[in-house]
Amino acid sequence: MTNRSSLRFMLLILSATFAFLYIPISVLFALSFNASGLPTAWTGFSTHWYGELIANSDIIGAALNTLIVAIVSTLAATLLGTLLAIGVEIRRRKGRVLETVIFAPMIIPDIVLAIALLSFFSMLDFRMGLHTIIISHTVFNLAFVCAVVRARLKSFDWSIVEASTDLGATPPITLRRVILPVLTPAVVAGALLAFTLSIDEFIIAYFTAGSGRDSITLPMQIFSMIRFGVTPEINALAVLVMTLSVVALAISQRLNRGRLPGQ
Amino acid sequence: DDLVISNWDGYMAPEALDSFTEATGNDAELVLHGTNEEIMGKLIASNGRGYDVVFVSSPFAEVLQNMGLAEQLDHERLPNLANLYPEATELAHDPGNQYSVPYTWGTTGLCYRSDLVDGQPDSWQDLLNPSDELQGKTTMLATDRWLLGAGFLAKGYSVNETDPDKLADVRNLLIEAKESLLAYDDTTFYAKLVSGEAELVHAWDGWCNYGIAENADIEYVIPREGSDLWVDTMVILKGSENKEAAYEFVNYVLDADNHRWASENILYKVPNQAAMEALDPALIEQFPNLGMTPDEMMAFEQLRNVGDAQRAYSRVVSEIKAAN
Amino acid sequence: MTSTLLSLANIEKRFGELRAVNGVSLDIRENEFFALLGASGSGKTTLLRMLAGFDMPSSGHILLDGHDISQVPPNHRPVNLMFQSYALFPHMTVAQNIAYGLEMEKLPRTEINERVDEMLSTIQLTHLAERKPEQLSGGQRQRVALGRALVKRPRLLLLDEPLGALDKKLRGEMQLELKHIQNTFGITFIVVTHDQEEALVMADRIAILKDGELLQCGSPHEIYEYPVNRFAADFIGVMNFLPARVDSGALRAVNGSRIAAPLPADLKPGDNALAAVRPERLRLGVADADNCLNGRISAMAYHGLDLHLHLETPVSPHPVMVRLTADAAEGHPFSVGEEVSVGWSARDTRVFTA
Amino acid sequence: MTDRKPVYLMTPALAWLTAFMVVPCLLILALAFFRRGIYGGIVYEFTLSNIALVFDPLYARIFLKSAGIAGLAATIAVVIGYAAAYAIASMPRKRQPILLFFAVLPFWSNYLVRTYAWIVLLNREGLIVSLARAVGFDGDLPQMLYTETAVVIGLVYNYLPFVILACYAPLSRLNPEIHEASRDLGASEWTTFRRVTLPMTVPGIATGFVFVFVLSIGNFVTPALLGGGQFQMIGNLIYDQFLTANDWPFGAALSMFLIAIMMGLLTLQTFASEKASGQQRAEVSDD
Amino acid sequence: MTSTLLSLANIEKRFGELRAVNGVSLDIRENEFFALLGASGSGKTTLLRMLAGFDMPSSGHILLDGHDISQVPPNHRPVNLMFQSYALFPHMTVAQNIAYGLEMEKLPRTEINERVDEMLSTIQLTHLAERKPEQLSGGQRQRVALGRALVKRPRLLLLDEPLGALDKKLRGEMQLELKHIQNTFGITFIVVTHDQEEALVMADRIAILKDGELLQCGSPHEIYEYPVNRFAADFIGVMNFLPARVDSGALRAVNGSRIAAPLPADLKPGDNALAAVRPERLRLGVADADNCLNGRISAMAYHGLDLHLHLETPVSPHPVMVRLTADAAEGHPFSVGEEVSVGWSARDTRVFTA
């Protein structure tokens, strides 16, 4: 796997994939700096749209709400989904399975889940807001996290779990000190996936949001703006979000040099 | 609590709520919905709670009424109703404005690039069965009622037709029409005209105006077979906990100045006589369809809730969309 | 000191159709060094896993200090297992692997460090303390697994092939260390090993498993000198078997010659039997031997400290093996094809039912 | 005790799912057995007609069509995503998290924004065409936007990172010696990949495939924007029943149908991937 | 038959700072059975991995039939490796694991099946052919790994601890089988083993690695009887070392007594030296012995076929080990604390620089 020609081949695959992933991104990057804001023609470099963006408190507020929803529901889903995956795999190894409930959140059409939750919450007279979006996002996110972690658990060496127990660790300690660290790459992958899903989710968020502005998420905001096409501010926002993410990563890298998630 | 109003994006003057607050002392919040369907779904599932005033198209207002979610309007509290054209108080979906107040109205027709399209299109056939040059350069509205509407009008049927045979006719017509279509689009069709991707699109008049604003070669025409009369309305919800303020809001909108101001901002006709009479003539010059009179519009039939026939409509639309 | 620590009562473990462990009953005494021997797949690992608590016996009971521990989870049993496959924690260094069990006991950090350092030097891995398992050689991994189990000083330590991957030198040292730890801390050991010499040297008692069943259990001397049956005799050490028949109180080889040997009571005239004698009990020449045998050298093998001769004889279809000390061998320059006579005494002969 | 452990690991998630999925969804899905009111709404009168309607060939056709598009998108995404995950997993271990990060970063922009970027690229007057013109190509380019191809591209693009993540998880710690053993026994890199690595990572592939498939079949934004609304996914159909037609009973019936089929497929998939990856019940317990 | 198959020229492999293999040069002859011995971590596995083609030497060359194969990928080398960790394909059954290598050769299905069946019976796993590796015992897994490599019948077969997990009985049978396969198919074997006896019995030649360096390479007899230095002597078998000084042509022990032994030429008067003698070369009594020694029995160990005495003597700080045959031992009922005299001859003594 480490010989040079296959390494070169791997680099080729990576470059091609990343090119595919980033071509549309470079388009919106360019658009965000296009003076006219129209996708049709380049009319000169301008940071005008970034100014517009900063001034647009609706968009900024929605973006912040999205971030809150994504982060909290990712954390909750990662925790619940990972534990679920481990539990299911332990159990499956013993021969009993209960897959359906676990797959369901992925398969249930968004609109069904959305309407069901809204009906349910209003039946119970549940106050709605960001928290109800978070609760709802956690439902499907945890299923996705669970699926990723399970894919990894299929090739997990369970004898180290026995070793840990044998050495006196209680199940929670084994979980924390042995299973989770070994699963870290998969858990990180699951969390990234949940975060990504949540950040983009529209229907369920729309239906489970409260009725005020304080629980409007970015996709809700953007979908409602669709009749004007994608405005250049939104492109600017997308660029800003990605840039900030890279900056955050760089800072966290610097803070714990050499220690990355997944190591 | 703040008054919560749900409306489409850009369907009010941007500062409208601030001046409402200033004028009445009521705090108000605007939330947005992308489509009628979204807000309807949300209202039905939550049993009409959480919102005070919603902006929806007339068939949806009818549904709100049928489901018992709409407030029976107390006209005493809406003195500005008097500003409406008489025609606007007797609209078919809600004669006497029992539960809804018209906010905007207009027609559905063809919006096209006069610089690219040969001659002036004047028939639904120009859309459904376009000339060779227009192949792959037309779009139709995607929402089921308006999509079918184009077919009904082309065939000379009622836009609320429920006869199965006639529905089948329309289905066949629209399936054929699909061949020459670039896309179904009810959100960005005007942008496609501006970019030149499309040259002739099925459009609501006001929205065609957005195109005209960017490219003066864009024009709007009502085909000779006619149009529907669409009406977007304001509905106060029965479940509203701020009815007082909700009435004040609707009344505020109906104020001649305010409603005119809205029209100038969003380039839609408003059913407000006082407002329309005060409209800047230059605007009508630039956007001729703003000049259409209630009289002319009343010639057209309104979309109505079709009850059980909705199932057949959905099915037909599915058949069209599934056809290749 | 001979009180019973662990009692297995009729333990059975099934995997589907297969009975991996089949009705084993056994007492292990306090502070004993107990060796489990058995062919590959005979159920040794399965047995240890049940003692450690990872598998439930399909039936039977396990008593520790007289209490049934079948329901006690592994982390609450004062029992540790060193895994045959090592089961090292891949994300921890050598030192962390070893410290883990002590941390579970919530010992003070200084004590943990002390004991880990001590263990590292015992297993001679001090210089690799910071390595991850994947950067270790096979033997180094085994030593980490061993150290990780040993450092806990449990009452009962189960070791599944603890020294299998080590060279002889290191194995010798580790054996001494195991003995030392046992004596110092009074730990009871159950060791699975395929190295019979290891078992013979180190164990107080040995159990032989065959196809999940307990064949024999006894001191090394008993097991080596008085195997209960043909299989046990064959399994431990090397044994020459001579087919024979009981004939009016005497044993006769296939060629009719008499074999002088103590006859077990249950053999009746006419029964088929096997006479057995260990290669090292055969001596060159027949002077004052109870039994003697002539044969032709069919093969010779040099084993460092001794020389093995394979003899073709009239009394057995298989070559008879003779083990000569290097000393004895150097007196005679043997060559293949040569005829030699060997003798042995009656008391070195065992007789089994065939 | 080993029996209790999985239960309490699963309890929080299962409780969550029960409260916020099972109960609410059962309430809604049960509507499949009632009648739609004349003006929408529900008439609580038992009927199987909604269920029967699902078996209309029209809906089967829509289902097959959208399954076809979703399946194609999932297949392409799995091929690209697996290759990328494999490449990431074969990079030095400390680089891997960064590569993963950059693989998902584009998807922290916004779905609509990315989809519009594709419109800008693909449309008749778009960048790709302009680029082709700029380099001197003046033939007719096929219509790219508002085609099935565009829909598939959009779906693949948007769900690719999920495949990468799903495949990376099992690839991240494959024992290199097993790979070496295969090479040693005479297998080329490719054969080793096909016969050893691939089967051992089937769970990841299956997971990735399922992700793209379920997300695609329920997607309505991409077909609307990149497909010009000319392709209807089953998710779209269901959405329309609930929101446009206000026909909850039929929407519920269609949903049940979709869920049942997907469950069936998933059960098959679990079964198949367990066979393929050598997972078996470790023991036959006697209880 | 003694043409060189494989030549290693100055092979070196570094892991960071560590030189896991350090300047090894070695010729392996066609059809030879070559054993690699060395302490845990001495670089044996690393060396085999370079031969198989998984690791590139940091420097040096590997020639097969005179051609440099450094750049040949593993699947194109007529070389197979049996992994110390087995590296079985977890998703394939035992039979599929074994068939895999033959399928790679695109052999007809019938031949594959035949050879797989044959190999299954050789490794005695016919009844487990359809099991997956995780359902096998340790020894069964090892046999699958062995079978998977053997069935390919390569020109050069590298075996990393092929029999380490097997019980003695089975190991003996497998050893014979290895020899048999080697003879039948003319395969050259390089076997890593920690079992010296295995190496001594089976190998044509043995190489001893220490800290990555080649210490000695020669026939088993050479290695056992004429170790090149103290380490080699100590590593193979057991050796008693007696510290000594060269004193005008003679060797004197620490207590001044003379040690009769052939002196290596490079030892000069005044040098420190070590006299070495194997335990089995010491005899009870001093009749016609060149050297003699009195000691007190400090420990006794029963090894089945022989008895080991540990003697405290005035000539060494460590106990001197004496290995008596069971026969010889049974004559004397020894007890700890007893004084005994032992003797040995000059030609059994080796002398090393200290």
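So that you can tell them apart, the chains are marked A, B, C, D and E in the order they are listed, and the count of residues begins at 1 in each.
Here, contacts are C-beta pairs under 8 Å (C-beta built on N, C-alpha and C of every residue); 3 or more make two chains touch, one makes a residue touch a chain.
In this text the structure is predicted, and so the values were computed from the model without any measurement.
The set of chains touching chain A and also touching chain B is given as D. Least step count on the touch graph, chain A to chain D: 1.
Chain centre most remote from that of chain E: B (centre = mean of CA atoms). Note: centroid distance chain D to chain E, computed from Cα atoms, is 56 Å. Averaged C-alpha coordinates put the centre of chain B at 91 Å from the centre of chain E. Centre-to-centre, using mean CA coordinates, chain B is 36 Å away from chain D.
Multi-chain contact residues, meaning those touching two or more other chains, occur in chain A at positions 39-40, 111, 115, 119, 155, 182, 223, 226, 229. The residues of chain B that reach two or more other chains are 38, 41, 195, listed in rising order.
In chain D, the residues that reach two or more other chains under the touch definition are 2, 125, 173, 200, 242-243, 277, 282-284.
Against chain D, the residues of chain E that register as touching in their complex are 52-54, 73-75, 79-81, 83, 85, 87-92, 100-101, 104-105, 132-135, 148-149, 152. By the touch criterion given at the top, residues 15, 37-41, 44-46, 84-85, 135-140, 142-143, 160-161, 164-171, 194-197, 200-201, 220-221, 224, 234-237, 278-281, 283, 301-306, 323, 325-327 of chain C touch chain E in their complex. Chain A makes touch with chain D in their complex at residues 1-2, 6-7, 10-11, 13-14, 17-18, 20-25, 27-28, 31, 39-40, 79-81, 83-84, 86-88, 90-95, 97, 99-113, 115-117, 119-120, 123, 135-136, 138-139, 142-144, 146-152, 154-155, 171, 175, 182, 185-186, 188-190, 192-193, 195-197, 199-200, 202-203, 218-219, 222-223, 226, 229-230, 234-235, 237-239, 241-242, 245-246, 249, 258, 260-263. Residue ranges on chain D touching chain A, taken from their complex, read 2-3, 5-10, 12-14, 16-18, 20-25, 27-29, 80, 83-84, 86-88, 90-91, 93-94, 96-114, 116-121, 125, 127, 157, 160-162, 164-170, 172-174, 176, 179, 189, 200-201, 203-204, 206-207, 210-211, 214, 218, 221, 234-235, 238-239, 242-243, 248, 251-252, 255, 258-259, 262-263, 266-267, 270, 273-274, 277, 279, 281-285.
Residue ranges on chain A touching chain B, taken from their complex, read 39-40, 111, 114-115, 118-119, 121-122, 128, 206-207, 210-213, 216, 220-221, 223-229.
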